[in-house]
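Provided herewith is a single structure, encoded as structure tokens, for subsequent inquiry.
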Amino acid sequence: MALALILVPLAAAALAFLVPSDRARPLVLPAAALSHLALTGAALAGRGPVLRGEWLQLDALGGVTLGLVSVLFAICALYAPGYLRLRLDRPNRVLCACLLVFLSAATLLVLSQHLGLMWVAVEATTLATAPLVYFNRNARSIEATWKYLMIASVGIALALLGSLFLGYSAYLGGGEPSLLFATLRENAGGFSRPWLRAGFVLLLVGYGTKMGLAPLHTWKPDVYGEAPGLVGALLAGGLTSCAFLALLRVYGIVSAAGEGAFARGLLVALGLLSMAVAAVLMVRQRDVKRMLAYSSVEHMGILVLGVGIGGAGLAGAILHAINNGLTKTVLFLAAGNIHRAYRSKSLDDVTGALVRLPLSGALFLAGFLAITGSPPFGPFVSLFAILNAAVSSGRFAVAALYVGLLAVVFLGMGATVLAVVQGRPSREALDSPYQDNIRKTGPILLTMALVLLLGLWIPEPLRKLIAGAAGGLEGRP
Amino acid sequence: MLNLAIHLLVVLLAPPFLLGVIGRTKAAFAGRSGPSLLQPYHDLVRLFGKGSVLSPTTTGIFLAGPALAFVAPLAASLLVPLGSPHAPVSFTGDLILFAYLFALSRFFTAAAALDTGSSFEGMGAAREVSFSCLAEPALFFGLLTVARISGSLSLSSMLAHPWSLGWLTSGASLVLVVAGWFIVLLAENSRIPFDDPNTHLELTMIHEVMVLDHGGPALGLILYGSSIKLFVLGALLMRVAMPFGAPDPWLSALVFLAGMLLLAILVGVVESVMARVRLVAVPQLLVTACLLSGLGMLLLAGSAP
Amino acid sequence: MHPADLLLVLVLLMNFLALGASGMRVCIRAAALQGAVLSVLPLLVHRDPGWNALAMAAGAAALKGVLIPGLLTKAMRDVHVAHEIEPYVGFVPSLFLGAFGTALALLFAGRLPLAPEHVGTLIVPASLATLFSGFLLLTTRRKAIVQVVGYLILENGVFVFGLVLIEAMPFLVEVGVLLDLLVAIFIMGIVLNHIRREFSSLDTERLADLKE
Amino acid sequence: MRVALVLAAAGLAGLSGLPALLPGPLRKRGAHSATVLAVAASALGLGGAALALAAGRAPAKLVLPWGVPGGLFAAEVDSLSAVFLIPLFLVSGLGALFGESYWSLREHPESAPRLRLFYGAMTGAMALVLVARNAFLFLTAWEVMALAAFFLVTTESHERRVREAGWHYLVATHAGTLLLFGLFALLRTAQGSFEIARLPSGVAASPTGSAIFFLALVGFGLKAGLMPLHIWLPGAHAAAPSHVSALMSGVLIKMGIYGLLRITTLFPDPPLLWGAVLFAMGVASAVLGVAFALGQHDLKRLLAYHSVENVGIIAMALGLGLVGRSLRQPAWVLLGFGGGLLHVVNHGLFKSLLFYSAGSVIHAAGTREMDRLGGLLKRLPATGLGFLVGAVAICGLPPLNGFVSEFLLYVGLLSTLPAGAGPGWIWGAFAVPLLALVGALALACFVKAFGSVFLGQPRTEGAISAHESALIVVPMALLALLCAGIGLFPVAVVPFLERAAAVAAPELASSLPRLPALAPLRALGLFALGLTAFSAGVGLVLFRMTRQARRSATWDCGYAAPTPRMQYTSSSFASWTVGFFRWALLPRAKAPVITRLFPPSERYESHVPDTVLDRFLVPSLQIGARLASWGRYLQRGLVQIYIFYIMLTVVILLFLV
């Protein structure tokens, strides 16, 4: 089952690479995505106990992330044919193939129960996404790709070093020389502390770069700004969640070693810093997609902040990864539609989206309200859970900063979003040929419905899964 | 019932007489013999007999003003014990109703002035409502002081308080309050130094300019109402100012009437010896009244047991 | 003295060479030599080098010592630009910084607990110093090619550290090395090529349009 | 049953706007059914609330499981909720009726369906807020309400002014929501669950207790519009369609009052400070609110500032009640809470009436500038009469309802006065003259508004050709009747106020006296009846006497050619009072300097901006944004610097190890 989950998208990638027609090729995406989704569903339903010694397994944490990635990919894949039909000026062979390779790599990442294998998978996701960023093949996109690769590679190198440190820490501690998470957690008590801490720092920086925590986030605005909305959605929703998963796995080891408090301190600091940097850079942001990128930085900060607060904050952060992923997808896809209609993503040209594109504009606005934590949308539940965790653990200063930064972000983001959706569109925008249709708004609507659903009702299996994931990380069964 | 009848009789008959007394006092100061003491009655009768002229700009509001200018002071008078220890109507908090009845009349007289569309009457209305914003707190500070000393929240029992005792214990406060109230009385009744009904320069007037367009019965009601207002406010002032309680009801009524006469003469004297102050000084004078009675209250609060 | 230490000193020298080189060609060659030297190291550290270790060493040497530097040199020639490096931070300050970093690495490594077989070797300090040199090149040099060189040196630093684990966890080290190389080739082979085509320059200042 | 009824009404109201979204040929019918559904929901809700009030002290509760962490669908209708539910359903139903012709599909094909959708959503959400007894449910309903209000405010978002108002509203409401997040998070630590239920004694004195109260004060105060948290209120009320303004001003801002009051009821022993702070904020809001209102020349902004004033009066009353709870003075509690809650209902009635009238004026004359209107009483008699009733009521003048609630407050304040008995709290008494000042200023303001809009002669063409539509008269007439009804028969509301006050002061519930024993509402009612009858009689006599009167133009004081534009304007009317408050209002005026003997035509402009918003908040936010823009140097585009950040992070974090 695990292998099938990884191989199906890979095979589909090969198929997509072979299909000659730019028109027909995108149809491979939904087919592969839906089969992956079906396999994921089956895997989640039949999830067994974590077996020792197995390199690829689906545990609760992996289950949550796999479900998220699979759903997000399915949404993007449903959206892709409609979008690519608009972009027939560009060959989409590489795009389609790399999207599927990404899915495969992400699945590998989620399933891997081995520190080294996980690192390989993270590396693979980077390599698979670089060509996606370069889809537009212009000066700006090559610049974005260059920065993405440089910064991500440095991060990945640090993560490798961190993994090595962690390995050396285990080696010094004696015992079985294995990098399987289960073994690492079991033996963690005897690990060499300095190497463990240094390893965690390096892994935090490495995977934090991949997640986009400030000040390691610098590639994000460029990449999200220049990549197609579809790719932005996958990166902001899927890839970052995978990186978060990687970080969580490492955190699980460190916390099993009894260094949880140390790790949480770093996470809280980086989380708040990320929120602050994102908030500052979001103020008076005139580029819609860059604004979304900074919002992603902010929410990555919130995720690690939630982990750093600990307790119920951990479950809150895991839930927030789901909510953030879904909501970001709404925002990026809607922004993509707006970008197409206005042929610009700058506030200088984009205004009156509610008039020009009633549905996409409304979804963009709803996505904004959701991501900033307004009830009744999903992110409210998780953001509130993190706040509750902070307050009930007595960290009032953290709670106050958290709420204050959420307010600043709302101010910054709101000004831009309202400028986009309200007002009157320009003549040129009204005359552009793009029109909303069900293929381009249907997937977004569906996602928004999920975001709303998660705000009003969290299904029992999901709740159990999240509780299991959080419990597993804290050493509870 | 008898009490009510006597009360109404006094309120309806006595007030114009006060105006007569004021007029005579002023005439005496000017060295003239002046009009008869009953001249105000003659004026009213004449006005009620006249026809009237209405501007086509006006609406029903134009008539509602005079009606309430008459009804509200009359209703307010029911709450104030004149000579007798008890007013016909009395309940906890009736002092609020007392003040708000005058406000009601002010609302409609000012609206009636605006109804004519004349900028002069608008100007008068603006001054009237603006200046009473300052008079109102002064009145209330005084009422508070009186309520505090008497330990009661209805006008009847407040004013029936043995004030000779009150003057002994909190004389300083009462002096301040009475002074403040006297200023309010002059301002609310458009007397000199606030207003001068005898000049006919609209630009300088406050109350009087509001009623420029009213004539006949409407004007009669306004004049009648304002004399009742003078009487009622005067009664409030004098009941506190005169620390003479009398056990016999007839005697106390007599004392009361004497007090009112005294007040009228006092107003006449003030009108004779002072000139109208400049308009910009009016608020200052009213703020002074506020401060005086506020200070009275403060003194009392400071020396509270 | 561990036999590997001799080679590690060579690695450190290459760091300084790369930092002090004013021409790109020298810089690339320094990285190439460093890579080649490093590829041999596992054979020295390993107590019982097997066939796969041998194959790894050969492959790594070929890639790091020959293929990648060759590609870089070719890219450099294709652009027809001056071969001067034009750093943000001058060569002499770079060298001083490098020396400072190396000293710090020695100090820092001395305070870390080590397995008995690694005590006294240069592996950990050399690794940290190389990492630092890589970072220095990455942050202070203007030309994209030199940045790639910096990245290679950074990678070499990671690789050096891998030596301490080569017996306990060979998989991690081997896979890591291979994939990192893949990235390096990716960056150079494809992206550099595109950059050159788009900008007809490899100056990274041309690559700074996306900003706030 | 009661809960189910109210919940059904909330649900029905919440969904009532959906038919309006129907496409094509069904549009028209859909819009109509939306109105019908909204009115039906109101009727249902009124029934439920009335039953709850009649049932007295036994609250009805409904608890259902709900699948969010910590969430529980707990709803309860007690007398306190019911007192707020009544104006809610009343105003929302009448507003829907009013909106049917005021914002008809024919005149506003674009925005009418959306308006109906969010109008219904806001109504339903408000009802849910009032019955929610779980933090999750409360917050969800709260935000749906707030967001629906945002979409209502921005109905005409193509106008820049409206967008700005909407933005200010959105920021204020979101800030409030975030504070409420904090509030409920703290409440959970004190409570142990997300239930909104009573806390043990002693919490109030702890730092947690104070934090809860002050978060509630600011968070709910932002919604209620207490000065200086009122920043969004004038703009939003002016920007929204009038029946929406009515619902917002009449009901929405009371949700803030409700929330604050509900939070205080959870504590058995609120400290004196809480009540005192609330009281002080109330005084500030009342005085400054009405002062700002005087400075306005936009009719709806004027009404909006009066909402600030009236919320201030309500806060004063509730503050008095809270102080009474701290000092164990049942009389203050009953008069404070009773007066405050009655004023909540009253303000809902007369403010809606005023906004409907204002809407009718704007609809008819096409402008909201009071200095361009005039003489409308003849052209819009019903509207004018409605406005007059509303104006008299809002000034707190007898014999209408505003007087009754202010009377209760006055008596409450005065009862802090008598020396000797119990602990003293003389500040209550010192507020009496200030309340009188507020009353006098409100009177000045409404004479100005009523006079310059409805009396005199029309100042512009738009005002001359104004006409009123018959359908919008019905809701106004109903509201006017209710204002009069409460004013003339205040005894009728006594039991409800007593029950609600008992809920608001649970620890004193059994020792509260009867309201008539403290405030003689029966006598007041009789007096009001007599006054009304007598005034009507005198007015009638005067009318008969002048029926034959000669008609002649207003005396022009000798002016040769007066024009309607020379009438005293609203700005001139208020110039004295604005002058009294120059220190707070900071009015801006642009006056010409006359230098020549025969000067050319010149302009004079004066304007009273909102001191908090326009002089403080917006400039300081701009400074903040400029500071934030320095942060952009972080992101200069050079990959070298970005890698340097990574290096720096590693080094710093390693040093922390």
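Every chain is named by a letter (A, B, C and D) in the order it is written, and numbering of its residues begins at 1.
Following the convention adopted for this analysis, a residue touches a chain if its C-beta (ideal position, glycine included) is under 8 Å from a C-beta of that chain, and two chains touch if they have at least 3 such contacts.
Predicted, not measured: the structure shown is a model, and the values here were computed from it.
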{"item": "Of all other chains, the one whose Cα centre sits farthest from subunit A", "value": "B"}
{"item": "Cα-centroid distance, subunit C relative to subunit D, in whole angstrom", "value": "69"}
{"item": "Separation of mean Cα positions, subunit C and subunit B [Å, integer]", "value": "99"}
{"item": "Separation of mean Cα positions, subunit C and subunit A [Å, integer]", "value": "31"}
{"item": "Centre-of-Cα separation between subunit D and subunit A, whole angstrom", "value": "43"}
{"item": "Junction residues of subunit A - those touching two or more other chains", "value": "146-147, 150, 154, 194, 198, 221, 281"}
{"item": "Where subunit D touches two or more other chains at once, by residue number", "value": "632, 634-635, 639, 643"}
{"item": "Junction residues of subunit C - those touching two or more other chains", "value": "138, 147, 207-210, 212"}
{"item": "Chain pairs that touch, as defined at the top of this document", "value": "A-C, A-D, B-D, C-D"}
{"item": "Subunit A-touching residues of subunit D, taken from the complex the two chains share", "value": "66-70, 136, 139-140, 142-144, 147, 154, 157-158, 163, 166-167, 170-171, 174-175, 177-179, 181-182, 185-186, 188-189, 621, 624-625, 628-629, 631-632, 634-635, 639, 642-643, 645-646, 648-650, 653-654, 656-657"}
{"item": "Complex interface listing, subunit D residues touching subunit C", "value": "632-641, 643-644, 647"}
{"item": "In the complex with subunit D, residue positions of subunit A that touch it", "value": "146-147, 150-151, 154-155, 158, 194, 197-198, 201-202, 204-205, 209, 215-216, 218-219, 221, 266, 277, 279-281, 283-284, 315, 354-355, 369, 372-376, 380-381, 383-385, 387-388, 390-392, 399-400, 403, 406-407, 410-412, 414-415, 418, 422-424, 455-460, 463"}
{"item": "Residues of subunit A touching subunit C in the complex", "value": "115-116, 119-120, 123-124, 126-127, 130, 134, 138-140, 142-147, 149-150, 153-154, 156-157, 160-161, 163-165, 167-168, 171-172, 177, 179, 192, 194-195, 198, 221-222, 225-226, 281, 290"}
{"item": "Complex contact set, residues of subunit C against subunit A", "value": "111-115, 131, 138, 144, 147, 151, 154-155, 157-158, 161-162, 164-165, 168-169, 171-173, 175-176, 179-180, 182-183, 186-187, 191, 194-195, 198-199, 207-210, 212"}
